[in-house]
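Note that chain A is present in both complexes that follow, paired respectively with chain B and with chain C.
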Partner chain A sequence: MMKQWGVLFKKEWTESARNFKWLWLPVVFILLGVMQPLTSYYFADIIENFGGLPEGAVLDIPPPSGAEVLAGTLGQFSQIGFLVLVLAFMGTVAGEKSHGTHLMVLVKPVSYFNYLTAKWVHILLISLSSFVIGFAGAVYYTALLIETVPVNNVLSGGAVYALWITFFMTLVLCLSALIKSTAIVAFGSLGTALLMSVLSMYTPDLMKWSPGMLSSHSQMLFFSGNAGDGFWVSVGMTFILITGIMILTIYLFNKKEVAGHTE
Partner chain B sequence: MSLIETARLTKKYNGNAAVDNVSLSIREGMCTALLGPNGAGKTTTLNMLTGLIKPTEGDIDFNKDYAGDRRKHIGYLPQHPKFYGWMTGEEYVSFSAELAGLSKKKAKESTNEMLSLVGLKEDRKKKVSGYSGGMKQRLGIAQALVHEPKLVILDEPVSALDPIGRREILELMKKLKQHTSILFSTHVLHDAEEVSDDIFIMKKGKIIIEGGLSELQRKYQQPAFFIETEKAMDNWLSSINEKSWIRQSKLDKKKLTLTVEDVDTARDALLKDPMLHKLKLLKFEVAKTSLEDLFMKVMR
Partner chain C sequence: MDELTQALQENWALIAPVLILQAILMVVALIDCFKHDKTNGPQWIWVLVIVFINIIGPILYFVFGRRND
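And then the complex of A and B:
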């Protein structure tokens, strides 16, 4: 059982190495991570040179705090970073189904649990590593150019955000396994994440439990070292939802027919 | 003892039966053909045997000697095999072997053996995306065989190939017959006649004819006469049509095909018939109808 899981995982890993996902995903996150402290630092210069301010106007923008810069970085990750992750992995199962490559795999004595969890662990590993590398870049340049943020705040905030990524990628895998169209997988997962974030922003009292609260908790951790109200509720709920989604996905994938009606 | 047996196997899509009440029995050590036109339900039937599709009704029993997950004992080549194009041929076969539970070492050995068998040893380090159609089909057979299954299921293994590829695969299947049981689908009678021992003919989801190849040939090949004359045969034909030794007659202008009960009786009667001589014989030939005629008849 475990051995077969390893075979499937190795296949995913090799595939990502051959099509350079292991290279360009971290690169995207590094660029996103480094850009925020750099633009914050040079913001005044940039405006002065390119902003077309009238002669003699004095620009007095207070430099952002380190915590603000890190919070801004997560904002970039949540938008562009998530989009890139979705584009990279929306086809992890759906693409195999539309090509038909899954047929000769699942006709072997392969457990669907192994097939799906090997993919799940693989996309988590690649997304989380990209995040860690990109975030480390952001922390480094923030410390270099702006100010140091307490290590505990950085680590706890980063960890909470990593949980949000985990939830999001679980959603991507679930939709990819159950829906054939990769476009719908992308819209569905990005839409759900966006909806959760927006609801959490506007009705935080109703959304205490929601994984959508996680990114604002992580930002608060950067600022004060303390998460907001209902932190543990949303962390606990996220773990429950991740487990639930995985169980449901495997169950539904088992029930679905592997081969469609061809004739 | 049969290798796999189905009882009243049925698959419905939106209430329409794609496969209807099919009871098959595949004998171990034999090559069995599932023959029928496109849309007869062959692929659906095979997919139910492999477990890729769940039957709406009916049972599938695999030989009790081979316990556990049926998929362990089945090797499958889909009609249009799709590989991970980024793998090399060798990697793909060895990946398949390991998925089926072979140890790394055993997988490697078995992969080498299979690649030589299907003639891909030279190209084993090439990416599958660069393989030709015939090479992919052979790779597909290698991955289906690599875990030494008891039953190899091939879905239309030759229909997408050019004449050379077709020949190669048919020869390969003849070789495989000696080691393992094969079940394959085809819409070409000739392929079925060439390699199979048993034939099931399917039409509109149902099995309409089944039996051993030689038994079917004995049963359905009938002695026949092909007669050609200069003058029209209509009148003469209606005068003899009631004779007991004639089974069937088919007149196409001045060419007549007569299927008969017994060659000798028919020949004597025909050659002694003065009316036939007056029609000015051009051709008088004794032959046998082929299974093709049967096939065409049932398919219509």
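And then the complex of A and C:
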């Protein structure tokens, strides 16, 4: 059983090496992470040169704090970073299905549990290590150009955001396993993440449990070292939801595939 | 303009990694594009996209331009 899992995992691994996912995803995250401190640092210079200010106008923008820059970096990750992750992984199962390659795997007695969890671990490894390396770049540049942020704040905030990415990638895998069209997978997962963040921004009291709160918790950790109200509720709920979504996905995928074969 | 170029020169060591990473992305995408005979859509358009659209061009190629067979 364990051996089969290893074979499936290795297959994912060679495939993503061939697609250069191991190269371009980390590179994109480093670029995203490094851009935010750089543009914050050069902001005044850039505005003076290209902003079309009248001659002699003095621009006095207070430089942002280190925590602000890191929070801004996470904002970039949530927008462009998530989009890139979805584009990279929307076809994880759906793409194989449209090519029929998953049949080559699944006609052999392969358990659906192994098939999906191997993909899940593989996706998480790539996306979390891309995040870690990109975030490390952001922290390094922020320390050099702006100011150092306390290590504890950085680590705890980063860890909480990593949990939010984990939740998001679980959602991507789930939709990819259950829906044929990669476009719907992309819009569905991005839409859900956006809806969750927006809802938790405007009705934080109702959404205390929501994983959508995680990114604002991580930003608060940067600023003060303390997460907001209901932090543990949303962390616990996120773990429960991740497990629940995985179990449900494996169950539904199993049902669908078995029905598909007997037809 | 002088101030900005001056400011950039002072921190050349910080800007260089960004340019290097962009170059790596571009070169790998180009090599892969030339190595494969078939791409989704005309190959010469992908070459233009990779070379002239910064960062996003190579990503677009990796996601949509490659054929996985």
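Assume the second predicted complex is superposed on the first by the 257 of 263 C-alpha atoms of A that agree within 3 Å, B and C clash if a C-alpha of one lies under 4 Å from a C-alpha of the other, contacts with A are read in each partner's own complex, and residues count from 1 in each chain.
Going forward, a contact is a pair of C-beta atoms (placed from the backbone, for glycine too) under 8 Å apart; a residue touches a chain by one contact, two chains touch by 3 or more.
Given the structure is predicted, the values throughout are model-derived calculations rather than measurements.
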Exercise for the section: Classify the contacts of A:8 with the two partner chains as first (chain B alone), second (chain C alone), both, or neither. Expected result: first
Exercise for the section: In the overlay, answer first, second, both or neither for which of chain B and chain C A:141 touches. Expected result: second
Exercise for the section: Once the structures are superposed on A, label A:105 by its partner contacts, choosing first (chain B), second (chain C), both or neither. Expected result: first
Problem - Touching partner for A:38 - first (chain B), second (chain C), both, neither - result: second
Practice task
Give one of first, second, both or neither to describe whether A:20 is in contact with chain B, with chain C, with both, or with none.
Solution key: second
Practice task
Examine A:252 and indicate which partner it touches, taking first as chain B and second as chain C; both and neither are also allowed.
Solution key: neither
Problem - Where chain A meets both chain C and chain B, residue numbers - result: 19, 99
Handout entry: Interfacial residue positions of chain A with respect to chain B in the complex
Key = 3-4, 7-8, 11, 14-15, 18-19, 99-101, 103-110, 257-259, 261-263
Handout entry: chain C-facing residues of chain A, complex
Key = 19-21, 23-24, 27-28, 30-31, 34-35, 38, 42, 45-46, 48-49, 84, 87-88, 95, 99, 141, 144-145
Problem - chain A-touching residues of chain B, taken from the complex the two chains share - result: 13, 18, 38-39, 41, 43-44, 47, 50-54, 68-69, 71-72, 74, 76, 78-84, 86-87, 95-96, 98-101, 140, 143, 147
Completion exercise
In their shared complex, chain A is touched by residues of chain C numbered 1, 3-4, 7-8, 11, 14-15, 17-18, 21-22, 24-25, 28-29, 32, 55, 58-59, 62-63, 66, 68-69
